[in-house]
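So, here's a batch of structures to check.
Look at the two complexes coming up: chain A is in both, with chain B in one and chain C in the other.
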Partner chain A sequence: MNPEKSSPLLRVRGLKKHFPVHEGLFRRQTEWVRAVDGVSFDLYSGTTLGLVGESGCGKSTLARLILRLLEPTEGQVEFEGVDVSGVSMREFRSVRKDMQIVFQDPHASLDPRMTVESIISEPLRIFGLNQRKERRWRVLELMDLVGLDPAFLKRYPHEFSGGQRQRIGIARALALEPKMIVCDEPVSALDVSIQSQILNLLEELQERLGLTYLFIAHDLAVVRHISDIVAVMYLGRIVEMATASKLYESPQHPYTQALLSAVPIPDPEIERKRKRILLEGALPSPRQFHPGCSFASRCPVVDASCRSTPQTLREVTESHRVACHLVKTS
Partner chain B sequence: MTPLLDVQNLSVTFDTDDGVVQAVSDLSFHLDEGEILGIVGESGSGKSVSCLAMMGLVPSPPGRVQGRCARFEGEDLLTLSARAIRKVRGDRISMIFQDPMTSLNPYLRVSSQLTEAMRTHRQVSRKDALDRAVELLDLVHIPDASRRIHDYPHQFSGGMRQRVMIAMALMLEPKILIADEPTTALDVTIQAQILDLLGEIRQRLGTSMILITHDLGVVAGVCDRVGVMYAGRFCEMGPTDLLFSDPSHPYTRGLLRSVPRIDRPSHATLSTIQGNPPNMTDPPAGCAFHPRCEEQFDRCLVERPEWMGDSGEGQKRVACWLEESEAEGSE
Partner chain C sequence: MSTSDPVKFVAGRSLWQDAFRRLLRNRMAVVGAIVTLLLACIAIFAEWVVPVDPTYQELHHRFGVPGQVHDTTPERLFLVEGERTSFPPLRYRGKGTRHFRFLVQQRIATGVHVHLSARSKKVRKIQLTRIDSLPESVERIEVRGDREVFRHGKGEEEVTVLDKEIVLGEKLDDVFLPLLSRASRGRQKLVLNQVVRAETNQTLTFDLESDQTVRGLRIDNQTVATYDLVGRLVQEVRRDGKPFQHRHLLGQDMHGRDLFSRLVFGARISFLIGVVATLVSLFIGVFYGAVAGWVGGRVDSFMMRVVDILYGIPYMFLVIILMTSFGRDVRVMFIALGAVQWLTMARIVRGQVLSLKEKEYIEAARASGGGGFWILTRHLIPNTLGVIAVYTTLTIPSVILQESFLSFLGLSPEWQGQPLESWGALTWNGIQALGTGQNWWLLVFPAMTLAITLFSMNFLGDGLRDAFDPQMKGRT
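Here is the complex of A and B:
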């Protein structure tokens, strides 16, 4: 990955989504929920960007904005150098072929009344790409690619285990040969022993097909494993972004530090020696407007200026950006 | 020393349209005074059902519970009448569950839910019960407890609701607290707070705990002893340190190898456990893990491994034929 040499596949600038809150007898719009509040990043071809954060931080909303499953309030999304945020839905459809999504819940995201064949071939049918026979061949090829037995062609989702169902979801996402796949918590619903199978499959597919992933998860260990670059979100904003090794080995933002210290490690000896940074309280409401740093209310090292000065991402070392004015630039 | 809780040969089956599901088979374990025992397993391994069965909470039909005994303070939980076990449940043994929202009644104030058990089990005035409830909300670090106690569940955040559940479970000073995936629905920073709280409660009140979870990391941090379940049986059990530093069962080893860790660099291919968990209406013959085991040999296919290893204090026990052949080899 070299930013100078190539331009990014996906370029997101100042993306915002504010949901109106309606309250009272006349359902008047009273407040805004700032689900995504000014997110910018670049995603380069063939790499994986991991997006982590706790529930309610806006990571899933961000994914839906990029795919235009939700309309952004503000901001730009460029895909292959073309600004796609302003185009009509009809025009956007041709772009959507190149960006697909794999969902968290393999039970809810597959139609129980469709066979595996019709599930995987649905995108092909919609984009009118193939004759029935050709479609069948493509489906068989895809099933083979994701490690499903082609003999299961005519079976229904309920006949499969969670891990196999997730493979069906991945095959469907691959059907149109996309350039980018948004993986929204793809392994969170799976058992530990199955989770590793799916993670390996995703990595193998990336290598074989040159895929680009936007990988969203709340499990920090999974994200470290699969990502090249990791972005940490808090209340709708990215607070820290760096290569996976830098972010996990020397986290700079107080929130990232607390988050990482809270992840249990399956080794009792290490667990005993570790120091936890326990955060006070819970996530504040995204309805409130924070003029300064949104993390100020829980930050263990907060100072007077944090609450009033807005924090923006800035580079502190090469390819390591932090939104905290207390972090020194080296 | 006799253990606080001694479960022997517990089995649970469910009659379903597809046949009899053997959820728990011949399970034996004990819990010492003041101990935190972790039970780890994947979904369907029987970890929750075994505890529910012990507490008389498996509906029958379709469930059937059998076993030699589940001894607790001179009584056998398995033979108690429904009425008698209700006196134990919520009083001397209490439980907390994964989802604090569905375990709380949204229509009732937290105060009445907290005091309900105490008013049912003990002859106390409303005032005394309320005082005790405030005391416990304080104990679980809910700020401004005397005011918050009159709130409804939806006015609490997820982590705070789980604290309320823990306070409720502790109202009658139970000897045993069974926590079934208490942090699975919570964010990591909140999970850390709740796990710390459980450790603190054990220290202050001496409560014994059974912590049921699928997360090996959670177990490593808080448990004294861990049992790993697969297909309704323990495959390995022992002191936490020993189990993690020297896992013997291929399933335990596989689990530990297949989880990505935040303290390890990325991108190496993860080791996996091949295949899928067994169908419990028709579990494999011999060792239930053999179809997925890379080290299986002839004997594993036909004969089920018994507990092997020393049963003494601080020892680890394993249900795997490899252990026996190794023991013979070293003699």
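Here is the complex of A and C:
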């Protein structure tokens, strides 16, 4: 994996999404929720970018901004070298073919009134791709690909288990033969035993179809398992980004360190000796504007300049970038 | 790939099938559905169900007791120069041979032309097969086909039918008038052009045979000059010449009309108003609610505040004002009742759309490139249909009840100036009749019919709601 030489499949620059907050009798707009506040990264073809962060840090919003299910407030999204953030929805339709999404909740993401066939073939029908008969073959092929019994073609989502439903969701995402799939916490709603099945399926599909994943999760072990590069998000910003092994072995940002220290170790001996970094206070409201580091209010190593100096991602070692001025560049 | 083998697809069970199974397990709902369907069939096929035309008056049997059997009585005809007098339509099932007895009570002068015309929408052939007990004084009977313009489609066609003069003494067995109509909707007329010189109290009997329903005879008295024609009687009789017998299962009203037949036709009107007004409310409510829910934001707030304000208006008051100011035309009633009912429909649909549009599968459809129309037709409508169906079945009985209430107040709807006698109007007649004696059946039967209908429809609606939304079972 040496992606730096080629141009990235997906290039995100300074992406922002601020939601207006309306309050009071006349619903005047009073504040902004800075859900995503200036995110930049590159995603190279055939690789997986893992995105971790606690609930409400803007992971899912980021995914929806990239797919333009939400309109960004600011920033650019380039797909295959073309800026797609400003184009009209009609022009963006052609990009949709190459960018698909797998949702978190397999119960909510499948229309309960549709059969498996119509769910999986929906993207094909929207784009008017195959003829009716061919379409069925394509659906059967996709079902086979994701490990669903083709006999279930005429069944309804409520007749399946969570893992099977997620397979249906993956088959739907694959229908248009996309180049990139955004996985928005695809395994969070599943049992642990099923999680690994789905993860293995995703890896297998990546290998066979040369897919690129933007993989969102809050489970650190899951992300480590599947990702080439991991980005840690906190309050709408990426605070640390590195290759999976580097990030997990030597986390640099105090938030990442705290996050990793919270992972329990399945060995009672080591677990007892494990030192946890306990963060003070709760997640601050994303409504507030932080001139300096957004983590300053909870950071154990905070100093005076943290609250005023804006923190930007900078390379500390090769392919390891941290947004903290306290981390020394080697 | 395994798909090259013949795959047997396992048939899934859709939510609709699931709901249907749950509905079948609900005994009250099934009973309600059967009763409702039965009543709907009766309303649709009213003509085939009734024994007597609901407007047929037997003034000799006013306030006939339920279950009473009696002969039909001859109708006295009052013929006025230049005017047409209708023979009362006795039965709807007029197919086949019908026999009529024409009783001449008074002397009729020579040269009187009495036109007997069988009027029907669908007469193929009217055959005059037999004239017996001909008064001796009758010199000549002239059977003449009239010239009629038949309307069918866009063009008009003039058909001349057979003219025949029957001389006295001639056997009349083969005399018939084939009124052949290619345009089945045209009205046709058979003219029995009698030149009669009759003595008092003589009867003339003749039969009419028709392939299609004959809705009674009409006596067309066009050429009478100066003679007094009061006091002739016409009666439809059985084959053997004796009068028909009628059993009035549920009794007769103040004009001697059969209550059962009136209830059957009342069902048609009540159901029609219930269904049409509900469709009006469905149309407005679904559209309004879907727009409010889908657009959201300020538009939604504004639209829903409008609904709230309309909710505050006492609706019966509104309906009464509308009906008194715009007339009692049934169309006004449809609009007035529909305009009231759509409020709840709009709220329900809005709530449904509001919750649906946040669902991930809507987002998934958008991510797959589906536009607004695709999402509306493939996801939103199929997923709201269940709730709409439930609410519709619950709205129909409530509209029927409201219409009955209005009729009960004397605001019964009209169509082209004719009052439409729904169940509510019949109940109101029953209440009025109570004042003139112990005519309990005129109140009890319409009221019971109404109650049974409303019960069964509500049971069906509740059952459907439980079936579509099992979590809501037991709640309102």
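By definition in this document, the second predicted complex is superposed on the first by the 327 of 330 C-alpha atoms of A that agree within 3 Å, B and C clash if a C-alpha of one lies under 4 Å from a C-alpha of the other, contacts with A are read in each partner's own complex, and residues count from 1 in each chain.
Methods note: contacts are C-beta pairs under 8 Å (C-beta built on N, C-alpha and C of every residue); 3 or more make two chains touch, one makes a residue touch a chain.
Keep in mind it's a predicted model, so treat the numbers as computed, not measured.
Student: Is A:301 contacted by the first partner chain B, the second partner chain C, both or neither?
Tutor: It touches nothing on chain B or chain C.
Student: Return first, second, both or neither, reflecting whether A:245 touches chain B, chain C, both chains, or no partner chain.
Tutor: Only chain B; A:245 stays clear of chain C.
Student: Per the contact definition in the header, classify A:21: touching chain B only (first), chain C only (second), both, or neither.
Tutor: Once the two structures are laid over each other on A, A:21 reaches no partner at all.
Student: So, A:111: does it touch chain B (first), chain C (second), both, or neither?
Tutor: A:111 sits against chain C, while chain B stays out of touch.
Student: Please indicate which partner A:82 is in contact with in the superposed arrangement: first for chain B, second for chain C, both, or neither.
Tutor: Neither partner.
Student: Is A:199 contacted by the first partner chain B, the second partner chain C, both or neither?
Tutor: First partner only, chain B.
Student: If you stack the two complexes on chain A, which partner ends up touching A:97: first (chain B), second (chain C), both, or neither?
Tutor: A:97 contacts chain C only, not chain B.
Student: So in the complex, which bits of chain A are touching chain B?
Tutor: Contact set of chain A toward chain B: 54-55, 161, 163-164, 191-197, 199-200, 203, 218, 220-222, 224-227, 244-245, 248, 258-271, 276, 278-279, 282-283.
Student: Would you pull the chain C residues touching chain A in the complex into a rising list?
Tutor: Result: residues 1-3, 7-16, 298, 359-361, 363-370, 374, 378-379, 382-383 of chain C touch chain A.
Student: Per the contact definition, I'd like the list of chain A residues that touch chain C in the complex.
Tutor: Spelled out, the residues of chain A in touch with chain C are 27, 64, 67, 69, 93, 96-97, 99-101, 103-105, 108-116, 122-123, 126-127, 137, 140-141, 144, 150-156, 158-159, 169, 172, 175-176.
Student: Along chain B, where are the residues that touch chain A in the complex?
Tutor: Touching chain A: residues 42-43, 157-160, 187-193, 195-196, 214-221, 240-241, 244-245, 254-256, 258-267, 269-274, 276-277, 292 of chain B.
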